[in-house]
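When the chains are written out, they are named A, B, C, D, E and F in that same order, and each has its own residue count from 1.
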Amino acid sequence: MRALYVGRFQPFHRGHIHNVKKILEENDELIIGIGSAQYSHTLKNPFTCGERIEMIRRTIDDLSRVIIIPITDLHIHALWVRHVCNIVPKFDVVYSNEPLTVRLFKEEGFLVKSLPLYSRDFYNSTKIRSKIIKGENWKENVPKEVYNFIKEIKGDERLREIAKSDKI
Amino acid sequence: MRALYVGRFQPFHRGHIHNVKKILEENDELIIGIGSAQYSHTLKNPFTCGERIEMIRRTIDDLSRVIIIPITDLHIHALWVRHVCNIVPKFDVVYSNEPLTVRLFKEEGFLVKSLPLYSRDFYNSTKIRSKIIKGENWKENVPKEVYNFIKEIKGDERLREIAKSDKI
Amino acid sequence: MRALYVGRFQPFHRGHIHNVKKILEENDELIIGIGSAQYSHTLKNPFTCGERIEMIRRTIDDLSRVIIIPITDLHIHALWVRHVCNIVPKFDVVYSNEPLTVRLFKEEGFLVKSLPLYSRDFYNSTKIRSKIIKGENWKENVPKEVYNFIKEIKGDERLREIAKSDKI
Amino acid sequence: MRALYVGRFQPFHRGHIHNVKKILEENDELIIGIGSAQYSHTLKNPFTCGERIEMIRRTIDDLSRVIIIPITDLHIHALWVRHVCNIVPKFDVVYSNEPLTVRLFKEEGFLVKSLPLYSRDFYNSTKIRSKIIKGENWKENVPKEVYNFIKEIKGDERLREIAKSDKI
Amino acid sequence: MRALYVGRFQPFHRGHIHNVKKILEENDELIIGIGSAQYSHTLKNPFTCGERIEMIRRTIDDLSRVIIIPITDLHIHALWVRHVCNIVPKFDVVYSNEPLTVRLFKEEGFLVKSLPLYSRDFYNSTKIRSKIIKGENWKENVPKEVYNFIKEIKGDERLREIAKSDKI
Amino acid sequence: MRALYVGRFQPFHRGHIHNVKKILEENDELIIGIGSAQYSHTLKNPFTCGERIEMIRRTIDDLSRVIIIPITDLHIHALWVRHVCNIVPKFDVVYSNEPLTVRLFKEEGFLVKSLPLYSRDFYNSTKIRSKIIKGENWKENVPKEVYNFIKEIKGDERLREIAKSDKI
């Protein structure tokens, strides 16, 4: 069994790791689709696709069972599932709690499973980005590899500068 | 050291495997960029990106050191290197014999190494596609996993049908 | 005389029918341009272009005098009128109350006529979509053919699920 | 039963009329998809989508059973069938002899029927465009309504001028 | 020394002139990049690129030292600096106070200088557009050439009509 | 009177200079539109838009009467003239001998004047690029400023390397 799990991973946090572990327990292989892959340097998407791949690879142990694939936004929802299927290898099941993602895959006849709901407060990318901008402590929300990587590329500084722009 | 190697892999053949092995000998990790990722069902690009990823994953042993990333064509050469850098994680060296690829990476200041030249006759995707279309024997040109996979998805039949179209 | 009338028709409601009837009284033929044709599965554009064409065809009696044409969004306003003229057959007059549409066609020298103003409360796509989401009664706002069609494709369910997503 | 028939109709000729008639005999309704809808003013696509719609509407008698829909080229074959399904209303069967079109619809599980083969010499858009360029007689190849319309918009003159350009 | 200064210039106002003068004092030549070049007829971008070029050319005295270049939005921030470099001739320094612009050029290794901060209340395009919409006096905010040009093309009327649309 | 003259200028040669001089004799100002602005590093378009602007600026004396504007290819001919009009300031007359350009501007009602025909052998970009590739003498075909600039950026070397690629 091969599963698909799509997210933006801005940044990749502890909630995502729980999901990856759970899906790998139930499946042989996991395709991690990195959504909105072309975007970066915005409040919602501060990190490039390459940087997000780096975060995931530095954090996950069993890389041989994981296939990380960038998925660009098409902005045409009716084509999105076919677009995903064009880019990633065949999969048997989709894991998602996001209502639109669930709906789109179900309309195309895919099996969709939901993920356990963790504390939205702790495991939440929007919250983490907001903490980074405000200079609050976000170290515990992400794996230490992700924390170190973001520090290394000065990603926290980038996010704070972007937050001052009104272009986004 | 992390290396980048970009190709269309239509299909992934024995020459590509030689290159992957050589690069992995000289580097810790290898990013395989799948070029023209959005295209399929044409004479030059018969297989989808997902299918090409499948071919590579079924063939390569040491998947944990290999990062396979689709790279869509932008059709604007002056942006292409930056486009690649946006999508893939950081790399230290590029391997290529393709004159335009070499030129574009060199103009952006990258280190580019060339690959050994194998018999162009045997290790050549265009030749292999031509053999498939004409019904000649192409089994020896590709790894057995690729041969079996193309048979499994009826890729040879697809290519022969596309060849009858004058739309491409 | 051939008239052009552009709308998104999300969904096609009784107000639109009044407009179509009025325009057909004053003209020989009517081109109905379906705007934002590529979009669907969002709060503003829940239905696909194909579904919107179906709604209109099931509702209108005299189909031989009506030409239904999808018009994709270009997102470049200065080109939009020429884009429309490229896709639809020649027309003599445009009917619209939408200030930007009126402005763009007038800047290109077209004759623009306004439509009678009905009760904005009853004949209003935004209101109808909002009613569907809240589970209020929207049956009277649309022709029975449209109501039945939306039920048939479970479009009300789709809209309620999309409303739970924060991706849109 | 509703059928789909896709072509570029550059121009709409007597062979197309035979096909339309045959399909309408076997089905209740016919969707005529106008392919490469965005293109015009080239050797392969001299007429705009609006002009091609005009040709078809002036020629076909029973317009109430025919649905004419422009279909833009996406240039990504793996998405094309879904793109068509997004834009046109639901259909039960596809009519085509074009190998790539047949292949793409079959891969997505559609029923595809072939069309009778007429004399390729007479019923052939490429031939007709070539005759127009060379100043040969093409009047008999198209319905008189199409001939008159092309003359009216000076489409033959346009094609001869385009033929002098080396930009295309 | 050649400098780059990018703005949307909706419209070109007295604050922009101060910046142009200052940059020309410190450099031999100035490239004025007109951002969001493809957009017009919206609240944020009412004027076309051609109209903005006209405003600048009618206002600036020493045109031989100024190079005005339209820069379309790509909407992919990580490629934007390379996109600019592809379109404009080589430059030595960038002038900007906009946090995202500053960040993007710095990440690519460019020298970025800041501009003096004028009264945001007076020298502010958003304010000026708002005054035009409300019918307040905006004559003093722009050079007289810009005022006359906007009156000539009825740009104030256009902006007030756009403001009535809810499409933007 | 303001004139428009569109070309790709790959490279800008002595024939172009004759045209610019002639047009400036007959008009007050000249807009030089740089076509296919986004492309570079191909056999037909070796130089970037920025490089082509540099060639023109280094060669022309009276820069204050010349407005150089990049024009990207849209690949939709029916929109091209409107696209140009969106980007460049208003003009009164178009100079061109290119049949498609002439046709498109005439269909939109513009005044189009033809240019004197020089020796196609000497004043011909295709010929000059071919000479550069073959290593023949091309120094006399271009102004000395253009020759020196191409040498400075190693543009001749770039073209010869591109010529070895079969990607273009």
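Everything that follows uses one rule, which is that contacts are C-beta pairs under 8 Å (C-beta built on N, C-alpha and C of every residue); 3 or more make two chains touch, one makes a residue touch a chain.
Computed from a prediction, not measured in an experiment: that's the story for all the values here.
J.: Do the two copies subunit B and subunit F share over half of their interface residue numbers, or under half; same or different?
T.: Homomeric contact, different residues on each side for the most part.
J.: Go ahead and note the Å separation of the Cα centroids belonging to subunit A and subunit D.
T.: About 44 Å separates the centre of subunit A from that of subunit D.
J.: Quick check: how many Å separate the C-alpha centres of subunit C and subunit D?
T.: 26
J.: Considering subunit D alone, which of its residues make contact with at least two other chains?
T.: 38, 40, 48, 76, 78, 85-86
J.: For this entry, which pairs of chains touch?
T.: Once each pair is checked, the touching ones are A-B, A-C, A-D, A-E, B-D, B-E, B-F, C-D, C-E, C-F, D-F, E-F.
J.: Provide the residue numbers of subunit A that touch subunit B in the complex, in ascending order.
T.: Contacts found on subunit A: 37-38, 40, 48-51, 53-54, 57, 63-64, 67-70, 72, 85-90.
J.: Which residues of subunit C touch subunit F in their complex?
T.: 76, 78-79, 82-83, 85-86
J.: Under the stated contact criterion, what part of subunit D meets subunit F in this complex?
T.: 38-42, 48, 158, 161-162, 164-165, 167-168
J.: Could you list, by residue number, the parts of subunit C that touch subunit E in their complex?
T.: 76-78, 98-104, 107
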